[in-house]
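Each of the next two complexes has subunit A plus one other chain: subunit B in the first, subunit C in the second.
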Partner chain A sequence: MRNERVVAYLFVLPALGLFLVFRFFPLVAGSVYAFTDWNGIADARWIGLANFRELIFDPVFRDTMRNTAWVILSLPIWVGLPLLLAVFIHLGVPGAPFFRAAYFFPIVLSSIIIGTMFSIIMRFDGSLNQLFILLGLEPVDWLGDQRFALISVVSVAIWAHFGMNVLIFLSGLSAVPPEIIDAARVDGANLWQVIFRIIIPMLRPIVEFVAVITMITVVTSMFGLIYIMTGGGPGTATYMPEFLIWLMQGESNRLGYAAAMSIVLFAFVGCIGVVQIRMMRREWE
Partner chain B sequence: MRLAQKRSERIGLWLVSAFMLILAASTIYPIFFTISTALKSTREFIRHGFSIPTAPTFEKFVTAWTTIKLDAYFMNSAIVTVIGVTLVLLVSSLAGYALAQMRFRFRKAIYFFLLSGLMIPVQVVMVPLFRIIVELGMLNSRVGLGILYGAFFSPFGIYLTSSYFASIPRELSEAAKVDGASYWQIYRLIMLPLARPVLITLGILTTLSCWNDVLLSLLVLQDDRTLMVGIASLRGEYGADIPLVAACVVIGAAPVIAIFLIFQKKILGGIMVGSVKG
Partner chain C sequence: MFKRIALLSTITSLALAAGASLAFAADKTLVVWDFKSTDPLVKPYFDFVKETFEKAHPGVVIKQIAQPADSYYTVLGTAINAKQGPDVALLHGGNQALDRADAFVPLKDEVADVVPKLAGLPAFLRSDGAYVALPLTVQGAVYYMNKEVLREAGLDADMVPQTWEDFTAVCEAIKSKTKASCLTIGNKDGVDFINVIAAIAEGTWSKETRAKFIAHDLSWTSDDMRAVFQTMQTMIDKGWLEKGANSYSPYTDAVNIFAGARTGLILGLISDAPNSWKNVEDLAGSGEVGVAMPVAIGQTPEQKPNRLEVDGGIGFGITSWSQNKDLAVDYIKTAVSPEAAAVLMETAGGLPSNEAVDVSTIDSPAAKEIIRLLNCCTDDKRIKSYYGVAERRELQRLGQLLLTGDTTVDQVLQSLESVRQAEIARAK
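Our next item is the complex of A and B:
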């Protein structure tokens, strides 16, 4: 079967080649650049841990981390709301098929499309503020006010992603045996007990799974929204890690420094990934 | 099972349903609002920002298509998407078949190595990647951007195809081999037709990823633009003309909305399979 081996390698080769050149090699090279002062033009000079030392004292990086922490604190909304929605859709609340379609819809839209739509709506003279005025409330500068910009961007991010989590919960719910619910009803449990004491505890592994992948989403896929809605501003109010990396390498030409940030981000995502793999393994056992 | 047995439960469920209706309205309203804005003239938008357009006009769509060169951007996006999707389908069906059906050394190691790509975010490799793009002469090249999409979206494709090929009994290709078929013939004439459903799903999901991408596109095409980057850059020059911006958004979203409406089941099914692994 020597022939089979050669053919197998040939079949895997294109995938392996693309992966090595565009993903693996950059990852390795990046971890080397992180220890240099490379600016993209002059030769890179080895500067040891200086980039990482600078990171610790960089106020912009600290602001970015603070923002990230705030966003991670909103995780219960990212997970809890879709969980409840999925449970009610699964139980067949009136209008369930319609809700299903409506919630999934934003999944296919790009962050640029979503960001532009909401920029129009959340402008100072946009429809959200018109509604506020109609209700007799003070209009708010949603994207331009230090206090509200991050909340606004995160709300839009939740809007963009919650359908995805509803979908994952629904696929988990389809594995909950209906007999258990029926049995509980026969034993006199009311609807709310069924939901909170039986269904949600059974979904625990999926809740953990969603929490982990949502956390990765939060730190790695808000670039488009920030780019289009606030450009990181006002000040550093809506800086997130990937946005800062992009800024450092694109506008400031500080490629070595940007690489150091990438390493920190990758380490963070890597840690979450390890937790995820642990959870998946536990599920198998 | 009757969902609500007691009166209080029934009322509760209707309240939940009402809340869910508000939420559903909030997912649909922005799109509805954008379409209705795109059909207005600037003057009508300023006067009646929220009403349904009284005199719908396609004037803004024409401006978007011609003056802002959205036609060229649209074409760019179509080209890079076609290249990216073709590459992903080809590369992942070949690798998926080999990894699932053939026996060779380092099979498991290669499989996990390739899947680790799912864990490396674009942002993390952005800096060195840019240098590779420059060195390989891929800067400002649409083909280059398509190849990058192939590299970045094929790990998911390999996961999807290999788990599908693993469910096909090996006896099938063994029998074909006894009959004198080459590995290429088995791939081309047996495996590809069998994998059609999963390849369609993969194709649709990859189309969405390529069409919606911003980061790689910003990195590679510095003189030219894809549609999404073109729409993103409206902010500065045309940002004040809201109906025009809305028309551009509608043009950018129309293809994916059409895909969603036609292939809803395939997309949702594919995401469910993918989400199991993350």
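Our next item is the complex of A and C:
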């Protein structure tokens, strides 16, 4: 029994080591730097809560949090769209295997390729506006106008990511017993009743899992697309916290301030994650 | 038999390992970071420097790493923070280099033999009299004019606007008689707006105001600064600018719009860039590109004859953490040598800092005009090189909003002044 425990610890050790070196230590170090004015060159000076005070009044940081809030509000689309598409594929719409492959395709493209592709399509003289002109509509500055830039980037991000969620939902759907769906149909349930009264309630744990994962993804993994498509602009229209952190630690050499932002972002994502996981746990219990 | 094979393979493996480690010990690697070597026009220059240096230093290998140009200083900042990465780094002149001076070796006695031959050194001059980097090129900005558009607008294709009134006449003619825009700003990253503001400031400010700005003593809410931004606002209000500026790259999109005669003018660089004379002329056609200095605004051209701001464009610095400082000094001397600079001039249109290079061999009409201007009409130090890091980033952001009408000149200036004051407070 004791040997088994030792072996178990040995199996865990590599992962634990990696976690400590690459996750835990940077987190602790970052937490300390957040209270300093370290610029990466000179010695760090302890400045207490000054970085956090500055954050409260920093209009750019405020804008990044506003953008983050907007993106989180789009979560129902990130989760709902792939859920519906997965259900349709599961119910056997014509060409289902093709759609499954087609939806998954963007996942294998890097965000740099996707960003470059859509930059060309969505720039002011790009093909999307050419289509608008053909249809007699006014062209729109999708990436250069602050009213549209965030919506444009988020739309592309949804397109890039939704294939993975479709796959997760499909795997969840495979666990839904077909007899229940057949029985509902025999009882006269229409398509929407089958979807909303039977399939989605049975998929609830999967939906919540996808919601947590997607929320973390949208808050922390939009960097590539933003970098390529808009560079954060126009103004601060597409700034997200991770983008600002990157600028602050590199271009501005303000590592202490960037660390303070990272701590706030970590706490923010952590809080939402905890709330979501509690909700899930309550459901399971 | 099995034992013999095992012994043989062990000996072979050990011999191979020893050989490999000896080879490893003999080789030294000098890591060089840049933001240009993937450009096909510039690559031959870096290849030449690598080949020449490695030939002169057997056993030393140059590892050339091209970082993305639009995020170069962010990536370099990360390397500086970690004190890891390049031995040698390519830098822009002005504040881009000077703000990071502490991360680079102060160059003085070790480069005393090459310094007298180099122009553009003030852009890399530290307060202690040493240099952050040695300049490879000289750099400045001029308006490139598409002669096809000028002809279509009924203008003399060889005319050169000297004053704001001339510039107005050109833009109004293009606007009223052609489908082209007068000026295209490729402002996707916000940098082209900064360049145009600097060009307006150069044409507007007195010597004293300019010196005050470079010393970081000019308030953003001063009348001098407001005059510059009001001129920019006039250009926006009059509809002279190509629409969609914030979604266009200055180096590809803007140049293509220019070459396709969809715009009359772009503000381009004079050396080694996709929006400098070589590429612009290759795309628009030789002889089809006019060159104009920033125009004099509120004064006569005679009062302000030296309107081509020039300083060291790009240069090579040695990082303070480099373990190969002597080799790095040799590398940067090779990189700014007349032979290497001549390669850059030939392939990428780079105007060399090294005055030993014979520029008279260039046969491009646009380049000849630029070289003429370099000999008659330059002002040292470029305004655009002396924005503070945070001011520059704020200007990138707010410039985009000014172009789309989402902010006002007053809001921009007040915000920039707040950033300047915060920078001053932090420096204390």
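Everything that follows uses one rule, which is that the second predicted complex is superposed on the first by the 250 of 285 C-alpha atoms of A that agree within 3 Å, B and C clash if a C-alpha of one lies under 4 Å from a C-alpha of the other, contacts with A are read in each partner's own complex, and residues count from 1 in each chain.
Criterion: a contact is a pair of C-beta atoms (placed from the backbone, for glycine too) under 8 Å apart; a residue touches a chain by one contact, two chains touch by 3 or more.
All values reported here derive from a predicted model rather than from experimental measurement.
Peer 1: Answer with clash or fit: subunit B and subunit C placed together on subunit A by superposition.
Peer 2: By the criteria stated at the top, subunit C and subunit B clash after superposition.
Peer 1: According to the stated criteria, A:Thr236 is in contact with first (subunit B), second (subunit C), both, or neither; which is it?
Peer 2: It touches subunit C, and subunit B stays clear.
Peer 1: Should A:Asn253 be classified as contacting the first partner (subunit B), the second (subunit C), both, or neither?
Peer 2: It touches subunit C, and subunit B stays clear.
Peer 1: Report for A:Gly270: first if it touches subunit B alone, second if subunit C alone, otherwise both or neither.
Peer 2: In the superposed model, A:Gly270 contacts subunit B only, not subunit C.
Peer 1: Considering only touches as defined above, state whether A:Leu135 meets subunit B (first), subunit C (second), both or neither.
Peer 2: A:Leu135 sits against neither subunit B nor subunit C.
Peer 1: Give one of first, second, both or neither to describe whether A:Ala42 is in contact with subunit B, with subunit C, with both, or with none.
Peer 2: second
Peer 1: Hey, is it subunit B or subunit C that touches more of subunit A?
Peer 2: If we count touched residues of subunit A for both partners, the winner is B.
Peer 1: Check the residue A:Arg23 against both partner chains and state whether it touches subunit B (first), subunit C (second), both, or neither.
Peer 2: It touches subunit B, and subunit C stays clear.
Peer 1: Who does A:Phe124 touch here: subunit B (first), subunit C (second), both, or neither?
Peer 2: After superposing on A, A:Phe124 lies in contact with subunit C but is clear of subunit B.
Peer 1: If we overlay the two complexes on their shared chain A, which of subunit B and subunit C does A:Tyr227 touch? Say first, second, both or neither.
Peer 2: In the superposed model, A:Tyr227 contacts both subunit B and subunit C.
Peer 1: Thinking of the overlay built on chain A, is A:Ile56 touched by subunit B (first), by subunit C (second), by both, or by neither?
Peer 2: A:Ile56 contacts neither subunit B nor subunit C.
Peer 1: Thinking only about the overlay and not a real complex, which stretch of subunit C clashes with subunit B: 8-16, 44-52, 80-88 or 296-304?
Peer 2: Between subunit C and subunit B, the clashing stretch is 80-88.
Peer 1: Which parts of subunit A are in contact with subunit B and also with subunit C?
Peer 2: Correct list for subunit A: 40, 119, 227, 246, 249-250, 255.
Peer 1: Using the touch rule from the top, collect the residues of subunit C that touch subunit A in their complex.
Peer 2: The contact residues of subunit C facing subunit A are 70-71, 73-78, 80-82, 99-100, 102-103, 187-190, 243-248, 253, 257, 389-390, 393, 396-398, 400-401, 403-404, 406-407, 426.
Peer 1: Per the contact definition, I'd like the list of subunit A residues that touch subunit C in the complex.
Peer 2: 37, 40-42, 60, 119, 122-126, 139, 141-146, 227, 230-236, 246-247, 249-253, 255
Peer 1: Where on subunit B does subunit A make contact in their complex?
Peer 2: Its residues touching subunit A are 1, 3-6, 9, 12-14, 16-17, 20-21, 23-24, 26-28, 30-31, 33-34, 37, 49-50, 87, 90-92, 94-95, 97-99, 102-105, 107, 110, 113-114, 117, 119-132, 147-148, 150-152, 154-155, 158, 183, 187, 208, 211-215, 218, 228-229, 231-232, 234-235, 242, 245-246, 248-249, 252-253, 256-257, 259-260, 264, 267-268, 271-272, 275-276, 278.
Peer 1: Which stretch or stretches of subunit A touch subunit B in the complex?
Peer 2: For subunit A paired with subunit B, touching residues are 1, 3-5, 7-9, 11-12, 14-16, 18-19, 21-27, 29-30, 33, 40, 85, 88, 91-95, 98-99, 101-121, 127, 130, 159, 163-164, 167-168, 171, 178, 181-182, 185, 190-192, 209, 212-213, 216, 220, 223-224, 227-228, 241-242, 245-246, 249-250, 255, 258-259, 262-263, 265-266, 269-270, 273, 276, 280.
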